[in-house]
């Protein structure tokens, strides 16, 4: 394991301290908890919280600030945060209009956030939530836990954040979240694995000439392992699958996100975006917003994910483009 | 609890390794954090009642394990604590009912049932066997743990793998097996 | 070589296409040249250009936009751009008040930018320039080419960009640049090398347990190769050297930048920042601004650099904090 | 020029490898881009005069090589083109003076002199030897190239290494050596 860290068991604590100091103009840590909150108060506005395992930086705390998240909970690396910590985040985010939780669909996240909701409601704080599940590389099925929540989640943060800032209610947020979630679809790929510091060995192995399609942001196995392909072929494969997952209409408009997994240089991300846009142009699909960068990472995994978001509502694009004051949007 | 903590510590790497092919490789470390915290809590301010012991363990697991296992084990211990109530000693029948309460907690919290390749596939047959026979032994437990190997996961992180989860032993069932083996050794389940 | 690319010889071309499309709200490519220019016109303002080899993304084009750079030239990977391309950038940036070039101190960059300046002056465009040399891991000497220009360069872009936006003259920019440059000092480290796509093999080799101090952003060898150290020890070593390179005064104020080299996760960058800030606090040194992220990378090198900038002029901090409209600041 | 292009192509990897320990490993690729472009330019619209040939090569090198080598080689060829002027054939003395003009271009552009472990350490002794003896051969060239090995670099990327640049042969001197060897074979420098 080759990392610039001190003790593996302290990475989350030290990262939080570094983060809080670096961005002290925008955020602060809540006491000694695993919670980071924005400095902007947002009085009488619904607070939006998010969180999950650490290792996905800049998600989640990078999106704290005016117009986006109110508080973020840091779990251990790749491990859902505990209910007491989520509850702290709820308390920090509550400014009198209730708290909305954006949860990614992992059993652990869902269970821990639900328990925290129970705790908060027992104290009279109104809480509602949504569960994102944009990773279509995993089959969706009512008999299972369904699909994973991955990079598309940042759009839920962004759109709901803009709405909350304008004074939307808990119920408005819930309604919109449930409209956005089915419209976003993501597939990720990996060229090399990440290592959880406390574990010390890579979460999976890939040969020098191999890559994997459909990998999860915690290194969960994907749907196919193949010889390394070029960018155009990768774009064809994952954009092709995502496209098929939509029931496309003529005037559909899309947001496209190429998200780096942590160790992939921007050079490769832009080349890949270029290939995706060529395919979409060829298909006559309208793209109204493109984003490239590291938003939802998997520590030092090499790879990327492609997210499409179909804009069912013209307001969504406006909300995505609305200026915010955050460390990482 | 100290015995369980030692067992988990000994098997920490093994449990995380089991979690690698079908999960995210943290189950051993998650459990380790939880049981160490529970042991510490019990040793620093020893609870007065048996029910309190279980509650302390529950709270430590809930607030330290994280992941899927934390709320599930935590709810199990919380339910068992509630069942114990004022009792300071339990008959075999009461132990069986207590474990059943724990199992119910897991099922309700995780919205899962048997055959989904989770810890439930250890808890349910183990509790049933104990209820019916009044005994349990390590080889039976190992047997139940192994039975998760050919199952296809439909709950938890392993469910994302579908068919490919087959042929791997479930880490949560394995750690639950360790819990039951500790109970056999220390709480007279044999 | 494990990269998400198509043909190695096309990486710069395809990256430019991807970049131009992704950020079409802010930038455009100048014809078929290797030049990207901002959409914002900045009429009658001095244009600022920068450039160099590619592979340092988001530098340079990421800093195009209102309040920062006017045009950026893309050389081949790790190779200075040619004079004709720099000349194209000068022409694109010239809005009637002359063009200022920010050049990093590499023989190739200096020679090619100087030739372009000759070409532009022959056409009647006023051009001036500065050469950044913040990498103190290399000895400075009047008998040699001196020190390399690295991550600190972004502050020259930022401060001069704010000044130009306010209407500063070529001469003002030159004067300020020459005041800033001696106040910024950087040292980089590497844990693993980068591979230039056309070359196909890593620029250097490091064993699984080794790291290198003082590495350059093109993989130029550093000053010492050691067994991998923890973050605190690395911070002590490079912050210690940087501190010694200043003649510290009591009321000195600093900007601190922890810059990732491309493959290093934010988790490690924040942990490292935390260790640096602890040392500075212990030394009683005032830090007025902290930045963490990937600003000047070395393709997929794992590692980071630490830059300190001493604020000799209170205006510099204001100019650094001045809002801009760019893809990456 | 085609001969030089072939030589560079054959030695591309070798030149870039030389550039690795003391530079950034691109010298071979840089040169390759330049000479291929020069060959193409010469073949697509063959220049009418010798001076034009050198100018075309210069412009191709300047606009295709990049790095330090591009402006240096480019300036050398530009200066040589100027020296040639209207001449279509050159005497040995004129060739010597032409090369000297090229060398001066490199020195002015790069602000360097002999002993700094650059291409100048090939050009200067090679030009002098030719001037004095009217001949040159491959083994003398190899000798000059090798002499850069123990030098300490004070110019170019290798200068950042200081003492540690010692013991590596300079890539720019090596590619210049290839140029002179091509001239020996094709332009009668022997």
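Letters are used for the chains, namely A, B, C and D, taken in the order the chains are written, and counting of residues starts over at 1 for each.
Here, a residue touches a chain if its C-beta (ideal position, glycine included) is under 8 Å from a C-beta of that chain, and two chains touch if they have at least 3 such contacts.
In this text the structure is predicted, and so the values were computed from the model without any measurement.
S.K.: Between chain A and chain C, what distance separates the C-alpha centroids? Give it in angstrom.
M.R.: 29
S.K.: If you average the CA atoms of chain B and of chain C, how many Å lie between those two points?
M.R.: 54
S.K.: Could you tell me the distance, in whole angstrom, between the mean C-alpha positions of chain C and chain D?
M.R.: From the centre of chain C to the centre of chain D is 31 Å.
S.K.: If you look at chain A, which of its residues touch at least two other chains?
M.R.: In chain A, the residues touching two or more other chains are 77.
S.K.: Going by the touch rule set out above, which residues of chain D reach two or more other chains?
M.R.: In chain D, no residue touches two or more other chains.
S.K.: Graph of touching chains, which shape: line, ring, star, complete, other?
M.R.: Graph shape here is a line: each chain touches the next, no loop.
S.K.: For this structure, give each pair of chains that are touching.
M.R.: A-B, A-C, C-D
S.K.: Could you pull out which chain D residues touch chain C in their complex?
M.R.: 16, 20-26, 29-30, 33, 62-72, 109-110, 153-157, 159-162, 164
S.K.: Show which residues of chain A lie in contact with chain B when the two form their complex.
M.R.: 53, 75-85, 106-108, 111-112, 114-115, 138-139, 141, 143-145, 147-148, 196, 198-199, 203-204, 216, 218-221
S.K.: Spell out the part of chain C that touches chain A in their complex, as residue ranges.
M.R.: 2-6, 11, 14-15, 17-19, 21-23, 54-55, 57-58, 62, 77, 191-192, 208-209, 211, 228, 230-232, 234, 262-275, 277, 290-292, 294, 297, 299-300, 302-304
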